[in-house]
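Data first, discussion second: the structure below is written as structure tokens.
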Amino acid sequence: MNIYILIFSYLLLVLTIILSILAIHVKDLLAAVIFMGGGSLLVSLVFLLLQAPDVAMSEAAIGAALTMAIYIVAVKKTEREDNDD
Amino acid sequence: MIFYISALLIIGIGIYALIIKKNLIKIIIGLDLIETGINLLIVSIGYVNGKTAPIFSKDVMNASLMVDPVPQALTLTSIVIGASELALAAAFVVLLYRKYGTLDIRKIRSLRW
Amino acid sequence: MNFSLLMILLTPIFGGLLAYAGSALHKAVRNIFFLIFLILPFFELYQYANKTIDNFYYLTVLGQSLSLGINALSFMLSLLFSLIFLLAYIFLLFEFDKSEDSDLAILEFSFLEGAVFGVLFARDILSFFIFFEIIALIIFFLIGKGYEESHNAQLKYITWALIGANSMLAAVVFLFFKAGSFGYAEISGYLSTAPTPIVLITFVLFVIGFLIEASIMPLHVWAPITYAEAPDSVSVLLSSVVKKVGLYLFTIFVFSIFGLNLFSKIMPRVFEAPLIMYVLQWIGALTIIIGTFVAIVQEDAKKILAWSSIAQSGYILLGLSLGTPLGVAGGLLHIVNHSIFKGILFFVVGGVIYRTGTKNLSELGGLIKKMPISFISMLLAIIATAGIPPLNGFVSKYLIYEALIQNKEPLLLTIALLGGTGSFMYVYRLIHSIFLGQLPKKYEGVKEVPILMQVPMLVLSLLALLFGVLPGIPMYFVSKAEAFLGFDPIKYTLTGFPEQPGLHALNVPIISAALMGGFVVAALIFYLLPKTRSVHQLDNYYAGEILTEDVKYNYSFGFYSFFDDIIKPFNEWSIDRIYENFVGFVKTVGDYIRRIYTGNLETYVSLGIIILTIFSLIYIIGGVLW
Amino acid sequence: MIRKIVYGVFILIIIAAIAIFMSNYKFGVDKMDVGKYYLDNTVPQTGAANVVTSVTLFYRGFDTLGEVTVLFTAALGVAVLYFMGENKRKQKLQESNFVTKIGTRVVFPFILLTGAYIFMHGHLTPGGGFQGGALIATGFLLLYLAYEETSIDRKKFYLVEGLGGLTYVIIGLLGFFMKGSFLANVLPNGTLFDLLSGGIMLPIYIGVGLKVGSELSNIIDDLMCEVKCEEAGGEE
């Protein structure tokens, strides 16, 4: 793997992990969902770098877009604040 | 290697959200994270250094230069099924919210039988 | 035209699907479609008369070819069952007339017939198991369309069917891994050299499955409620087909796959039969006696029939497990005869319920003038049930008695004869409470059942009479089946049996003629000598009072109460109670286990995680150790 | 807090177990087993350029049929769950702005076109029925977001969905009757890189694309309908 691509993918993965942690940490559920969608999109880029264009496409279309829409609708229909702990 | 490690980390974060979080939507996000992590893990298993995507084109006709197609095919299935499972879970969450007026699982205690 | 076995199997299923599609057009289209497809199997079966086919391969599973085959025994039974299915279907059309889901019932019916053919034609332990389970499943669905308690019955049935299924599945899997093949022939070959415990365990596992379906004594608990609560046409199928499928498999497995020689080799002989067969004889005898006596004190018409059906399958089991040519002939003949006469009884009772809406005997009575054809059919059927010439039940019971005498088993013979007397008691109660006595006022307007509904009763009644007077007709098939099972078929003539070892000569027409002659003489004396006068039922007095129509004066509740008092202490011992205690125990244990489930989602997730952690730890530690 | 630490340790143990397991499979090393066979034989056997597609549809077609069924069941589940509960609460979605509305009008047909392109070229280029279908559903999602009054005609979508699923099963049965095994290739392989190549893959992916597209649109419709599905819910 090309060194630039490797560094790029490191970057993507670190970002993904940060986004995932944010997604489960923030109190605002809408924000959490958007972090989650961003994470999925980054993962789909990682799939592309791993020479899996089919999977990348699926992840982008289904994992990122549709899933996020479903989340957003669910949040919209319930409540936006995660007020536990 | 970093792919494995980050996939495992994502899975760990997902499991953590699944156990610790009390909010139903957070729990679903945890499930989704686990699924994403596992997909990443499977695809990175199939990756072979310096080889290209398993798609023949006029430039690449040599099968020995391609990565493993099987994990990718499996992951394809996994993503679609994950999405449908998620839609179902979201529907459950919305219905539970309608019934109990809360997303806090500590207040939804009708799982007893 | 050449029909393959698979085609026979698929014919009713296709018919059912077509009929289901046709039901969108019109009910008549559906009925006619399905009727055609129910008649077709007769023509398709015709070419298989006198043929034995063993390996018609149709599917490959786990590298093994599954095969269908047909032999004399399954030919005889598939012919009989096709007839009963046809008649039950006609009956079902009326019974589900108003019901919303009659289309679905017909579809399930068609699959049931296909599965029954499947069991009869199966030549390997996997196919028979699959088809057998399809039967159980469809019966489960069909029962649910019945009377008020039918959901309870459904649960009981499926529980027992699953017990049988699991026990058979264990044997199937075990034998497959040991013998490496599913085929009957290969399994048989393996068993002939297998160690004794394997033979015994697999045999018992299989036989539990079969005997549950045949509702033999300790495994009969589901039967009374299921037979009584199922829709009437389904009760017919349960008693005349499904039960016989269980007994067919028993026959095939005992005589053709395991084989008497194998049993005699590995265990001592008692009364000229291997020990396990002797045990089975006693189980059959117990079934006869308990089934008969419990039937006598029932208050529900269909429950009487259910218990009677249990008792009669005891006769079949007794005859089959004697293992002599005579006993097996008696058992097989009784399979045929019982299917016929119990079919009539269920049809008649179903017709009575169809017209009056009750199956409670104490509410019925005096229907003889209203439903004469039903009455005559039932009269013939109860004569057959009680085993009196000239009806068919007599011949098969006679064979079983003679076989018992031949084996010199006085105790079993006594029980069998006692069962015969007892069966007369309950069938008399049945016909008396329904057709004789006083007609309740609310049934003034009751009419005879529709003509199409009479067809099933009449056809079967004629068959019962025919097979009773000319036992040679069913014996033709039975002796072929017996030859297939490896016995010397007993000699028979069209009208009975010639003198042969162990069997006294029997000529049914002569006996019947003598009997009829007696009846004629009695009737002549009755009608000619003293001038009798026909009086109305109410032209009478009772304890000094004039009878009026609204008072019920003949008793039909607690009919055999004197008898009830005698057997009451024994009723306390019922097997059901043991099962109920067991169920209570399981419930208590389950209640404790349930405490884990606190109703909190966190608990469930943590349980999952803890288990996952334990497995992970095992994996890590295991990796370190090895 | 103690709870969090305990569960953290548990998670670490689980992850350590997976990591130990994964240490048998070095990253980036060729460990193909079946994959080799698929790569070598895809072109001669199936005539498809995209090996992943040939694996999903040709070698493991039965699996994919199951996957489609799962998707269908999920859509059914969502629909059932929604129509079981009473739709009392009404909640107006925010009015979308002018740019979204016009932009949607411009983009929507192209999204559909792209979706169709993706699922029709599934055997040649990356993508396929699932991705294309999801893209189509995304188009409908956009329509929902932009226009308050959007409501898809469920009857027609059910029809499309049913036809898509039926295509798959019928092709499978054709294989069963003509070649003796379910989903056997009954169509000619064609020349590589042609649109009409890859045997049964093209029709199957068209069916799957239509099915997935309409199914996911239905799911979106179910989830979105709070205000709109009064009439749709009424007929239930």
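Order of writing sets the labels: A, B, C and D. Residues in every chain begin at 1.
In this text, contacts are C-beta pairs under 8 Å (C-beta built on N, C-alpha and C of every residue); 3 or more make two chains touch, one makes a residue touch a chain.
Keep in mind it's a predicted model, so treat the numbers as computed, not measured.
Undergrad: Given the two chain pairs A-B and A-D, which is bridged by the higher number of C-beta pairs in contact?
TA: Between the chain pairs A-B and A-D, A-B carries more contacts.
Undergrad: Quick one: report the Å distance separating chain A from chain B, using the average Cα coordinate of each chain.
TA: 10
Undergrad: Go ahead and note the Å separation of the Cα centroids belonging to chain A and chain C.
TA: 63
Undergrad: Quick check: how many Å separate the C-alpha centres of chain A and chain D?
TA: It comes to 19 Å between the two C-alpha centres.
Undergrad: Counting in whole Å, what is the centre-to-centre distance of chain B and chain D, each centre being its mean C-alpha position?
TA: Each chain's C-alpha centroid was found; their separation is 15 Å.
Undergrad: Which chain D residues sit where two or more other chains touch them?
TA: If we look for residues of chain D contacting two or more partner chains, we find 7, 11, 14, 18, 28, 50, 52, 126, 128, 130, 134, 216, 219, 223.
Undergrad: Which positions in chain A are in touch with at least two other chains?
TA: Correct list: 1, 52-55, 58, 62, 66, 70, 73-74, 77.
Undergrad: Identify all positions of chain C at which a residue touches two or more other chains, and write them in rising order.
TA: Residues 606, 609.
Undergrad: For each chain, which other chains does it touch, given as pairs?
TA: Result for touching pairs of chains: A-B, A-D, B-C, B-D, C-D.
Undergrad: Spell out the part of chain B that touches chain D in their complex, as residue ranges.
TA: Those in contact with chain D are residues 1, 3-4, 8-9, 11-12, 15-16, 19-20, 41, 44-49, 51, 53-58, 63-64, 66, 68-70, 72-73, 76-77, 79-81, 83-85, 87-88, 90-92, 94-95, 98-99.
Undergrad: Give every residue of chain C touching chain B within the complex, in rising order.
TA: 594, 597-602, 604-606, 609
Undergrad: Touching chain A in the complex: which residues of chain B?
TA: 2-3, 6, 9-10, 13-14, 16-17, 21-26, 28-30, 32-33, 36, 39-40, 43-44, 46-47, 49-55, 67, 72, 75-76, 79-80, 82-83, 86-87, 90, 93-94, 97, 103-104, 106
Undergrad: Mind pulling up the chain A residues that touch chain B in the complex?
TA: The touching residues are 1, 9-10, 13-14, 16-17, 20-21, 23-24, 29, 32-33, 36, 39-40, 43, 46-47, 50-55, 58-59, 62-63, 66-67, 70-71, 73-75, 77-79, 82, 84-85.
Undergrad: Note which residues of chain D are touching chain C in the complex, please.
TA: Residues in contact with chain C: 7, 10-11, 13-14, 16-18, 20-21.
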